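The first chain written gets the first letter, and so on, giving A, B, C, D and E; residue counts start at 1 in each chain.
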Amino acid sequence: MQFDWMKIPYALLTLFIVVNFGMILTALVAKIAARVGRRRGIRIWQNYADLFKNYGLRSSITHGAMFYLGPVFRLTGGIGLLLFVPTIYGSYVFSNLSFAGDLILALYFIFFGTLGMALGAAESGHPHAAIGVSRGLSQVTTAELPLALAVFSVALQYHTLSVTAIVAAQQGGIEHWTLFTNPFAVAAAMLAFLGSMMRPPFDVVSAPQEIPIGPPTEYHSSYLAMMQTNRAIFPIAKIVVYMNLFFGGAASWPVFCLKVFLIYMVSVFIGVVFPRFRVEQSIRWFLIWALPLGVLAIVLV
Amino acid sequence: MVKRLGALLLLLAIGGIFTSLLVGYVPDTELNDTARYYAYHTAADIGSANIVTAIVITYRGLDTLGEVTVLFLAAAILGLVLARGRRQAQARRALTPVGELLTTGSRVLVPLIMLLGVYVFINGHLTPGGGFQGGAVIASGVLLLLLAGPRKPFAHSLIAAVESLAGVFYVVIGLMGLVLAGGFLDSRVLPLGVLGALFSAGTIPIIYTLIGLKVGAEFSVMLSDLAETEELG
Amino acid sequence: MIHLAMATGFLLILIGFYGAVSNRNILRMIVAFTIADSGVNLVIVAIGYMPGRTAPILDATVKAGYAAARIIDPVPQALVLTAIVIGVGVTALMLAYAYKLYEKKRSLDIAKFTELRG
Amino acid sequence: MLSPLYLVAAALAASFTLGLLNPKRSGAAYAITLVTLAFMAWVPAGWLWGFMAEGAQPVEIYTAGALPPYAINLRMGLAEAAMTLLITLTGLLSALYLKESLIKLGHRGMAVLMVALMAFCGIVLTRDLFNLFVFFELAAISTAGLILLSEDERALSAGFKYLIVSQLVSTFLLIGILFAYHASGTLNLDTMASARLPHGSAPSFALAFFLMFIALVTELKPFPANGWALDIYESAHPAYSALFSAAAATASLYAVDKLLLVGGPGWYPMATGIGITTFLAANLFALPQGNDRRLLGYSSLAQIGLILVVLGQRDLLGEGTPFIAFGLLVSHAVAKAGLYWLSGLVGGRSLTDWAALRGRPLLVFAFISFVAMLTSLPPFPGFYAKWELVRVLAGEGRLALLALILIGALVEAGYLFRWFGYMLKREAPAEAVNGEPHQVVPVYVAVLAGWVLGYFWGELSGVGLGHHNLLLSLPLAFALGFLLLDWLPAWVKNTLAITGMVAFFFLTYAEYDPLRLIFALIFLIGGAITLLASYDAHGRRIGFYPAAMLMYAGMVMLVRANDSFEFFAAWELLTLGSYFLILRGKHSEPHALSYILFSLGGAFLILAGFALAAGGAAQFPITALGQVAPAVAPWVFLLLATGFMTKTAAIGLHIWLPGAHAEAETDVSPMVSGILLKAGLFGLFVLLMAMGKQRLYGVELTHVLLWVAAFTALLGNLMAVFQEDAKRLLAYSSIGQMGYALFGLALMNHLGWLMALMFVINHYIYKSMLFLSVGGVAKRTGTREMYRMGGLIRLMPLSFIAVLIGIIAISGVPPLSGFGGRWIFYNAILASDYRLPMVILFLAGPVAFLYLFRLIHSIFLGQLKDELRRVKEAPFWIALPQMLYVGLLLAFALAPGLALRRVDTYLNLFFPEGGLHWEGFEITSDYGYWNPVAIMIVVAVIFVSLFAWLLFVNRRAQKVKQFNIVFSAERPFRPETTHFAWNFFAPYRKALGFLVQPYATTFWGALTDFLHTAGDLARRLYDGNGQSYALHFLAFVVIVFGVGV
Amino acid sequence: MKEELLKRTVKGPDGVEFEVEPLRDYYCEAAPTVMPGAYIKIVEDLFNWARAESLWILGFGTGCGAIEMRPLMTPRFDAYRYGIQWRPTPRQANLLVISGYLSVKTLKRAIRAYEQMQNPKYVVGLGSCTINGGMYWDSYNTIKRLDQYLPVDLYITGCMPRPEALLAGFDDLKNLIRAGQAEGANQYAENFDWYKANQKQVIHDWDMPDYNW
């Protein structure tokens, strides 16, 4: 796979599709969650209104250079993650910029945004931001562990780190999906997934009623808008990785949308049912429940 | 108590070692190689009738030089130790007067004792005895003097000069052996003479004389040093 | 006979040692050591002794040529002389020390001179 | 060449003559004494020259015109000449030192001194048993006299105790001699040896020999019959103690040696046993000592014990015995004499009082030279001796003895270096050193002698064993040259140092293979870059450059080492140099101590490992590690690996690192962290390259390493998370990073090694950078506690940028170079046979984020404090290297191939499989691919576009200040209470804190406490009572008799 | 003035002493400015629509009216469906509801919260107390007319108004916003001195900068 200039418009196209899909998907998910509470929930276009409003705010303040860079890091992380992984299997157009690196690149690029966001938030000087970061980083150490093990297991299983190759190996029927060929890895990865989606029971990071609202406390207007954009992209990008690794990837946009939605819903289902864990509780939870699955996955593969 | 018991036990064990030495000891029936050499060669080589003297002064002369040095050291250190105390000499306390008997006896005996001492060391190569014994005898005369007249001024410098000169000459004679004869302390610097004669056995009589003087002087110094400590008591 | 002398020597040594380690008075210790010294000298002399022989001095009865068969071993005799003298030197030295120690603390108890330890 | 009898005669004649002088003319007497002593030294000096330069043969000197065994004879050979020279020189210098005391005491004291020296020489020279006794008695009596030189009143009781014991000793000696004479018919040592009756067949001779032996050995102050000696050491005049320790011990040792030759090999085990017991016990007892002279006394006992062991191992050491025994002896004698002389210059008797020396750099240098001599560090004779001893012992399989020796040596190093630390770091007492010239000169002579002897031993070892003379190796000479240049201003020396290092690299550039080239590059060029920061220092910076250059010299020599000897010597040099560097920190005294102890412990393991591997061979090329016999190979591996891992601070052996790195000076921390740690990794590289995988009891050792490495990475990172001290945090982070590198090595595949190398380079760059940056901040803010800082980004932007780039790189987030490491790591573990240790390592990865974020947040972000509102950016010379590192890091991130490609090819030699393919910018492995340039460009483009967009949208943003934050409709009160930084990861501690309980610290602490307490309790044995000492002696005799005969 | 806001002398790590004046050093002292809307009308209309459809209320209850706000989040009233939601931080909120009487002490907090919100921002006064003091009209400690202190866009009368009234009020506010008539923030900036004078008249322990950014 080599670079050519057409990759750039194609990548932007992917980005455009995913941003919109993400906006709508998150609204939809919010609606579904509202229905659980017997509410109607937000309107499906609500995210657009919020986004426009935030970009449209007339005034803003800044706490310094890193304050700017926080959202930039965040969004770069989201877009980068999305673009470093092929979106649609077998499609040249939507293979994005995956020539730059393999699965490991994607895996580590997840942290790019996290780190940048943490820095930006800390620059604001708000103690809640720092507390939120402290919680988030603490939680992520064990939450990511099962994922890392699962990825290791999958890479061992398919003997490659190339995302495309991993998807290719899962073609030819649902029974070839990693979900069935390596269930422990998928189980571990899905538990890790819960931890990374900022939904209950693992949302103590932003805990709005306690440390309003964690890292982004000081963010507003276009900074916040940029982060909202990322909230639309990043989960999708992450789910794309999961989908490619464990659920056979997607060969077309409808399949893509369906799979992303379903995977997303896993965290929503869990989230609407469970109350919030404290940090040390969630750490223990991951160590006790998710880690053994991950270990089984790498032992048994 | 425990300490004594421990000491007893330890000494018992040491006694065990000694016992096995004792049990393992078998007296020689023949002279061993070394002794036989001395028995055969002393007369001819050294010319000393007293084989022990030949060994002491010549064959094992270095030991004897050491021995003399031991006494020298003891005297010097004694002097050092007591000199440090003497500086803070306190008021002399009155001594009970020395009896008539002692005074008179010492007047009579001291010259005789001295004479005996000189005889003993001059004849060291002929008869039992020698410089050390003679020196000790002389020192006993000095002791008697000290007892008789504790307050009498004592000729420290004279004795020291005798001691030093004797020592230096002894070393010089030893070196002469190195230069003129077969080795350090070789007594054959002077002719051997006739076995059994007074002037025989090379430098042995001279050395013994020097030793006698030196030992006598050293003992005297020691005795007087120690005697002066009395004043402190 | 020799064994008896030697045994006596050893016994004296042990007695001396016992005295030296069980008496706390320094002067008594020195005396004990002189006893042990005597024991040593006795042992030395006993070692050189050979039954039925005479002193190693050549005279009319002991002719130079036949000395080897008549005299006892002269070497221990020579050595014991040295040993005695050295013993005297050490004893004098110890006495001097005893004096100084007494001067310092007005006591001759060895157990009182334990400032240096550990 | 004058007959040595003149030596005896001169001493006696002079002593006797002094009595003739007027007692008031002490000055003249003193002059005579000095002349006589000089003459006495000149005699053996002439002989020594004759033996060394003119190839003279040993000479028998007869007395009394009769031949031995009938008359007493002396012998003058090489050993005798050397020893008598040592004795007489020490005597001469001590006499010089004693000037006032001697003049005060008058001619008697001088006579006693001369006789004492004569007696020591006599003990060495004589070949007659009884004569030996006489000289011993002379020595004993004069010792009792010289003790009185002391001003210390307590010396009196010490002297008396000595007399008590010497009475007992002489009794045994006399009886022994006489019975031996009776059994063998001679008093001559040589005759007796040749007429030797086989051990056991003549019980009375054996018994007699035992008595003689035990008596002479007691002169060596064996445990437990040595209380008297300690009292003397403590209370005697230091100049006398010097004599007692150097000269008397030399003489006694030689006497024992002569006796052992008579007794034959049957008695060697007893000598060894007594020696090793003494060595261990004395070192243990020295541990709790607070009195300097008594401590030196214990150390003397220990050293003599060790030499006795060497004599007892004569059957193995054979021809090499003198080389070893003398090496140890001269080191001991010179150093101990020097130290005792020094102690006379110091007013107080507590170890901490030695801080008074600090004002005199030359004396400090003397002190450390002596300590290095005593602890057998290169380039002193003891080092060569230690090497030989261990080599032979290991070669012959006397491993238990070897272990005991090394343990004892470590304990000794412990208290000596602790003392050195006190001297450099404790508060100096008010009274300064009162160094009269005649007191200082002997010390300097001793130092000079030590170095000359070091050179000499290097030559000897070159002749005998084919080793290079360490003092002749260019890097070391360069480093030592700075000792002479220490008077120059710091910037001149710095320029010289940098020039030297760079020049040396370019001179030797072609000699390295690709792997070594990387290390040489880091050590030399990297070192030079780090040294740029040292331009910031002002003044002369006494002692910094010799230490730093010593460390660098060691590292360079390590890379260039071909055989195990050079390797080990380099290892010790770099350890020593870095110890001095670390010790320079303000509060680093305890940490430097634990550093040097762990390092020396590790070095001893390495020493043992090499010795075991060599199997007795004198020359052992590093590459021959691969051909070690299979039976010992795993043990060798274990020893060497543990030794190297001490340096890389593997978990359990890590406790020295945080303090050492954190407390070091600003420009030292990057050296010891960024550069020095790589020495350990280099060792592991070398080890694994040669030995590969080893199995011990069916366990694969590399597998064990893998687990150790994984836990090191995890626990190092975890501990870093909970640090409040910025430099400590970085130090713990280094532990974790080294864990990663070790892990890569232990994977034992191509990519694993490449990853390790990647970590080597990366860690060098970013840890140097971070330490400099944090050091600069700490310098400006006056604290290292992060929570006291905060909000410094505006005031110290360059430092911030360095930290930012550094933490992105460490965390392994693309696009910086850390990611390359992670990528290779993943590929490497895919190719490896092991899976489970990865779990731990995966956990360790994200933990790094925690501390990294904390680092940057607590220092640069958040709330600026009142008192820090005016701090300035770090000084130029500290900021400059940081910026260079930023550049390097970016360059390495873009083109890792520059450094790695050649190594990748080189590694094919070891692992033909699994290399990388380098095509253009793309790097491909068997599993995946990676294009650093593409990543960089993509990320940069996205990042820059978004940033520009945000800037545009917020072009009118109001810049606000630090309290303009929403605060639940309230306002912050003070920055201190608003900056959330202290105990930052409290919840994390709640969850995983149990993992970082300081078990290792507790363990090592308990161990040292135990040793300390044991020593403290056991030394009560020496209750100060002369009778107890007599009983100790008797007990010693009985015990040795019971055990040995 | 509170102690922590007084001038103080501190000593830097280099030993040099200097003064710290918290109000100057720790707070931004800039005054608010009038922020015009987007230059292009259609853009401003779009933004106004978005602002109207995305009302983020600061979760800050000042009086008894706060109790009437809660039900809005329940399934019964479900204000989310109108794009209304609560934000815990003023930075992200654009609507401040003064829910009932406002004691002087709370006024200070309300002002701070208001000023920390970003332009455009809206104030709704809830209940009679915000209009004329209501049952607290003669209290020594509550303000009587909210619009003397903050630019109120809309009052919702009642004591207390029920949630339905609130919903209706929000609907009215949306209309105002959409019409571009809810420019309270600019009004506040224009009449800044007047507002400040009023505020300082009642708040005697004024211990903050004039404008809380």
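As a working rule, a contact is a pair of C-beta atoms (placed from the backbone, for glycine too) under 8 Å apart; a residue touches a chain by one contact, two chains touch by 3 or more.
These figures come from a predicted structure and were not determined experimentally.
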* Structure fact -> Label-sorted list of chains bordering both chain C and chain D is B
* To do: Give the fewest steps needed to get from chain C to chain E, where each step moves from one chain to a chain it touches.
  => 2
* Would you mind checking which chain's mean C-alpha position lies nearest the centre of all protein C-alpha atoms? => D
* Structure fact -> More Cb-Cb contact pairs, comparing D-E against B-D, go to B-D
* **chain A and chain C, separation of their C-alpha mean positions in angstrom** => 99
* **CA centroid of chain A to CA centroid of chain D, Å** => 53
* Structure fact -> The distance between the C-alpha centres of chain B and chain C, rounded to whole Å, is 15
* **Shared-contact residues (touching 2 or more other chains) in chain B** => 3, 7, 11, 14, 18, 21, 25, 28, 32, 34-35, 38, 60, 63, 66-67, 70, 73-74, 77, 81, 84
* Mind pulling the residue numbers of chain C that touch at least two other chains? => 13, 17, 21-22, 47, 75, 79, 82, 86, 89-90, 93, 97, 100
* For chain A, residues that touch 2 or more chains besides their own -> 59-61, 212, 217-218, 221
* **Full enumeration of touching chain pairs** => A-D, A-E, B-C, B-D, C-D, D-E
* Asked: Where on chain D does chain C make contact in their complex?
  -> 130, 134, 137, 140-141, 144-145, 153-154, 156-161, 163-164, 166-168, 170-171, 174-175, 177-179, 181-182, 187, 227, 230-231, 234-235, 294, 1019-1020, 1022-1027, 1030-1031, 1034
* Asked: So in the complex, which bits of chain D are touching chain E?
  -> 780-783, 866-871, 958-964, 966, 969-975
* Given the complex with chain E, which residues does chain A contribute to the contact? -> 34, 37-43, 46, 48-53, 56-61, 208-209, 212-213, 216-221, 224
* Structure fact -> Interface with chain D, chain A side, in the complex: residues 3, 55, 59-66, 68-69, 71-73, 75-76, 79-80, 83-84, 97, 99-105, 108-109, 111-112, 114-115, 118-119, 122-127, 130-131, 133-135, 137-138, 140-142, 144-145, 148-149, 152, 155-156, 159-162, 212, 217-218, 221-223, 226, 278-280, 283-284, 291, 294-295, 298-299
* **Complex contacts: residues of chain E adjacent to chain A** => 28, 35-38, 46-47, 49-51, 53-54, 59, 74-75, 78, 80-81, 83, 85, 87-89, 91-92, 94, 118-120, 185, 213
